[in-house]
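Two complexes come next, and they have one chain in common, subunit A, joined by subunit B in the first and subunit C in the second.
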Partner chain A sequence: MILRHDLPPEAFEWVGPDVAAREAIATPPLSYWADAWRRFRRNRVALGALVILALMVLGVLFAPYLRPFTFDHIDLSAHNQPPSAQHWFGTDRLGRDLFVRVWVGGRISLEIGLIAAVLSLAIGVIYGGIAAFFGGMVDNIMMRIVEILYGIPFMIVVILLMLVLGSGVMPIVVAFALTGWMGMARVVRGQILQLRNQEFVLAAETLGASPAALIFRHLIPNTMSQIIINLTLLIPDAIFTEAFLSFVGLGVQPPVASWGSLVSEGRLQLMQYPWQLLFPAILISITILAFNLLGDGLRDALDPRLRQ
Partner chain B sequence: MVGYVLRRLLYMVITLWVIASLTFFLMHMIPGDPFTTSKILDPVILQNIKAKYGLDQPLPVQYLDYLSNLIHGDLGVSYKYQGRTVNEIIATTFGPSFTIGFEAIAFAVVVGLALGIVAAVQRDTVTDRVAMVIAVLGISVPNFVIAALLQYFIGFRWQWLPISGWGGIAYTVLPALALAASPMAQIARMMRASMIEVTGQEYIKTARAKGLSMPAVVWRHMIRNAILPVVTILGPMIAAVVTGVMVVEQIFNVPGMGQYFVTSVEDDDYTMIMGVTLFFAALLVFLLFLVDVAYSWIDPRIRVGRREA
Partner chain C sequence: MARPLLEVQELKKTFPARGGRQLRAVDGVSFTIERGETLGLVGESGCGKSTTGRTIVRLYQPSAGRVLFDGEEVHSLHGSALRRFRRRVQMIFQDPLASLDPRMTVGDTIAEGMQIHHMGTPKERQERVQALLRAVGLNPEHASRFPHEFSGGQRQRIGIARALAVQPELIVADEPISALDVSIQAQIVNLLERLQQEMGLTYLFIAHDLSMVKHISTHVGVMYLGALVEIAPTDQLYSEPLHPYTQALLSAAPLPDPKVTRTRPRVVVQGEVPSPIDLPSGCRFRTRCPFAMDICSQVDPPLIEVAPQRQVACHLHAARSTAA
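Now for the complex of A and B:
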């Protein structure tokens, strides 16, 4: 404890305010995104996931050219071979090189995942944005529709759509986009409802901004973090849906390969040649895992309030 | 509460009607019909067959017939399996699917909750890490991969359990495990997060301060409060199990509804596809309804109209 009488008033000296020091900013100014990146960088798991995904993209782009085979090159004299120096991942029952097929198949899987997720994201953002912006009756009707659609088993609708559209890459993308947007619509609506009554929106409105300008210039950019988090979680969903459909036989058709169709083919000879299933299964699992971890990391970085 | 249940009930009926109509019109948009694709029939015979199944009627008439049959619980006759009604086929194939699905959900709930609770109580220890690694793997590895791996190692390599087929409880274990992995992982993650959130609450401090032992606090105060949010994911989880049944039954060659569905898709057996789709959908919509009602019963705040999670 400090004894009061030890410090006489003369011991104190008035130094005056240091105006410059008071105004100086202690840490360099960071934009929201720079700050998020700083938080994200410190999360080693999420950073690792990002690196893995980058490697995966490089792999599907370039790895097939490391070997002198094409994905549909059939060599019946070399069928069902185990992994070797010649065929790094072995060959399938028609003698096609699995290393090349796995990476070329990954191209299709990632492509479908990205395009389908972005499409359903676009639908969800537009739908949710409109519902929240106009509010009242419009919002009520639009959200009741979502509530009803939400109750419909998603995979069953995808299967029905695949029957109508035929099998292949485009039908999968369309089917996923048509069914996957509802969660996103709900998230965007919730966010925009919160932002709608804030001063900056009111200011823009007073200055005569059109509804479209308000939605796309002011409201959606402010919901971007939520949209990005949802996108990273939508992509593995889309990849999984593709794999599921290809596995059931409704997805991509041979000789085209995707991770799902490769797993499906590999399963037929699982007891004799387990590696035919193992390689595509490992790649698809790592990819989905990396997207999930990245999504977790992004959520922590972009929305620190949610951190647990 | 009554008003809430009635509103959910109305939604359920509308959802079912939308699904029924969607299925009907999508099926009729598929080019060709089941009788022209396989072999060329005599026009007269073709006409007779179409008349037998009501396919010669105009579309609106077919639609109304179909709806009226549905209301009476009649899902029609299979185009493929002569003389068998869709109702009969569902009745015989529902058992195995239900057994597997039920086992999977029970396993997922029990093990998922246990993992989540242990991880939260032992937070930031090795136990926590291991539990969460299991959970993340469960979410990331597709169920058909898990199914194939289980089949290869447990069924084929070590021969602990039958590889595939049906008969007796031993045959249900592997399919149920494969189905349970992903929902179990989701429950574990959710339960852990929810438990940790509860740990920070004032009433936990109060309980500790009044001298309650830690196990008692966990059991009497934390788990009861933490479990609430987990109930909300039961709905999507059941949906995942119902669709997962399709693949898993194919892999393990279980004579269930999922396998029939996939076969009927391959055979263009329209009435079968529509019937099984509707049955799956109705089952799911009904289960979701139960989850909603159960949740509002457990947590009165929902009833007052808090719509967003």
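Now for the complex of A and C:
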């Protein structure tokens, strides 16, 4: 055994501090989005929701072509059929194939959900961004307007708008966009107000960045995660609104189908032919559930501080 | 003598407070900084030192008073003159993480200023980013990384590199070392000092602790409740503090020698800082001053020159005024 005092001083060598090693970073570079994706992947529920939504999109795009029927092909000799090898989801009271109608109807529902959500997102981001960036009086007036609009029952506004605009896909989209943007405006305003006085924004201002550069280089990118999370919660909201409006007869008109109008038609014969309501209802439920789970998963992945 | 690089004249900044009242964050501050010098600005939290710094770099508009940078009035600049000012004056912030955009790579952050001021081609900018990273002691390969991957001291060096990128003349450092470990503080102060010598920089160095600015400053100003109570060359301020508040701050600072610490006279300040919305009459320090006299509650002592380059705002020293 060698004790310490057995070693002569010459046995020691001065290695000095290794400056390069001190400054080295072991982990590979990771961008914000790559890091978020890494967190998202670990969340099985959210990943499952994403897969289901992807299948849903593939379904509405291609599933109708699996069967030799069109969505408005009427065959009165085969009306109210139960599910069979010929008609996988059965037929409705006019003998139209429900499998094809459900997927074609999904197109309308998803389309409305996406377009309406994106439109209200655009309005909300611009409105909230302007209010927060200019602040003071501008902000005060703009947010009071939002609060007043919030006080008006949403469904009354939508129904009134539908009465004016008529029924159909575009009126639903417009009606939802005009009423759905307020939550987004509030979220964006809150985020930007918070970011506006952050030191990195002040630093950019000290460097001479213009207001546009501040907004588009620093403020909006740092609000993106909130915007995306809110979008995934707006889409099911829009789909649900469409389903509701079609259900009460204000939505799309026959022979065009949407999930809401299919449920509405199925309801008439619920006691005799329950599958006519069951299939579109299941698809609505799965889609909305998947969007909500995806939204939760995205929130956890994009903004880990919010996790409970 | 040439004109000073920075001249602050009777600067005031008030913020609206509840009930239509005014919060007087900065209340008539004047000082000058000569080219190549470092003024350390010291005071406790909420005394208006950061507000002073932010007003100088034009993040705030002053309520009254003027800031002259190289003879030009900062707050009336616009167009190309403002752009030039934005390039010549930079700021280093307190929170090293909050001062870096989390969505931008370190390289993009450092290059941002050069891009705004159209300095060089993209390739030249990239090379300069590498050179700057080396200058602040970071690995140039780190340019593609994101702020959250760095330690506090490294982040602060990134913030320094960003400020240096546009080749400024004046750097306002707003508590650049307060958020860092003591071991890292020395590293950053030494870096700032080296850069000052190499590039001929002028600093306004803001801190809440006299011991932090002693090493780097040529002059030190002490602020209390929005006003400058004493300003002096560093050596004189530390060896012979005149204002009771400065004396209290100095006697509160820990010394490395426990024997000296035990035996030195201590000036103890009582009570809390009054609210800047509701300032005391007369001298703003009188409510906590161990030497308060009758006159202190009636007359606000002006900042007067008591010796060459030494200014103090206190009735105790009014007799020493060189003017009187």
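Convention: the second predicted complex is superposed on the first by the 280 of 308 C-alpha atoms of A that agree within 3 Å, B and C clash if a C-alpha of one lies under 4 Å from a C-alpha of the other, contacts with A are read in each partner's own complex, and residues count from 1 in each chain.
One rule holds in what follows: a residue touches a chain if its C-beta (ideal position, glycine included) is under 8 Å from a C-beta of that chain, and two chains touch if they have at least 3 such contacts.
Keep in mind the model is a prediction, meaning the values are calculated, not measured.
Asks: Looking at A:66, would you say it contacts subunit B, subunit C, both, or neither? Reply first, second, both or neither.
Replies: Neither subunit B nor subunit C is touched by A:66.
Asks: In the superposed arrangement, does A:221 touch subunit B (first), subunit C (second), both or neither?
Replies: In the superposed model, A:221 contacts subunit C only, not subunit B.
Asks: Which partner chains sit in contact with A:58 here, subunit B, subunit C, both or neither? Use first/second/both/neither.
Replies: In the superposed model, A:58 contacts neither subunit B nor subunit C.
Asks: Determine, under the contact definition given at the top, whether A:24 touches first (subunit B), second (subunit C), both, or neither.
Replies: second
Asks: Tell me the contact category for A:190 with respect to subunit B and subunit C: first, second, both or neither.
Replies: Once the two structures are laid over each other on A, A:190 reaches subunit B alone.
Asks: Hey, is it subunit B or subunit C that touches more of subunit A?
Replies: B
Asks: A:74 contacts which: subunit B (first), subunit C (second), both, neither?
Replies: Once the two structures are laid over each other on A, A:74 reaches no partner at all.
Asks: Where does A:240 make contact in the superposed view: on subunit B (first), on subunit C (second), on both, or on neither?
Replies: After superposing on A, A:240 lies in contact with subunit B but is clear of subunit C.
Asks: Over in the complex, which subunit C residues touch subunit A? Could you list them?
Replies: 54, 57, 59, 82-83, 86-87, 89-91, 93-95, 98-105, 112-113, 116-117, 137-139, 142, 144-146, 149-150, 154, 159, 162, 166
Asks: Where on subunit A is subunit B touching in the complex?
Replies: Subunit A residues touching subunit B: 147-149, 151-157, 159-161, 163-164, 186, 190, 236, 240, 243-244, 247-250, 263-264, 266-267, 270-271, 274, 277, 281, 284-286, 288-289, 292-293, 308.
Asks: Under the touch definition given earlier, write down the residues of subunit B that touch subunit A in their complex.
Replies: 11-12, 14-15, 18-19, 22-23, 26-27, 29-30, 136-137, 139-142, 144-145, 148-149, 151-152, 156, 193, 196-197, 239, 242-243, 246-247, 250-251, 262, 265-266, 273, 277, 280-281, 284-285, 288, 308
Asks: Provide the residue numbers of subunit A that touch subunit C in the complex, in ascending order.
Replies: It comes out as residues 19-20, 23-25, 27, 29-32, 198-200, 202-209, 213, 217-218, 221-222, 224.
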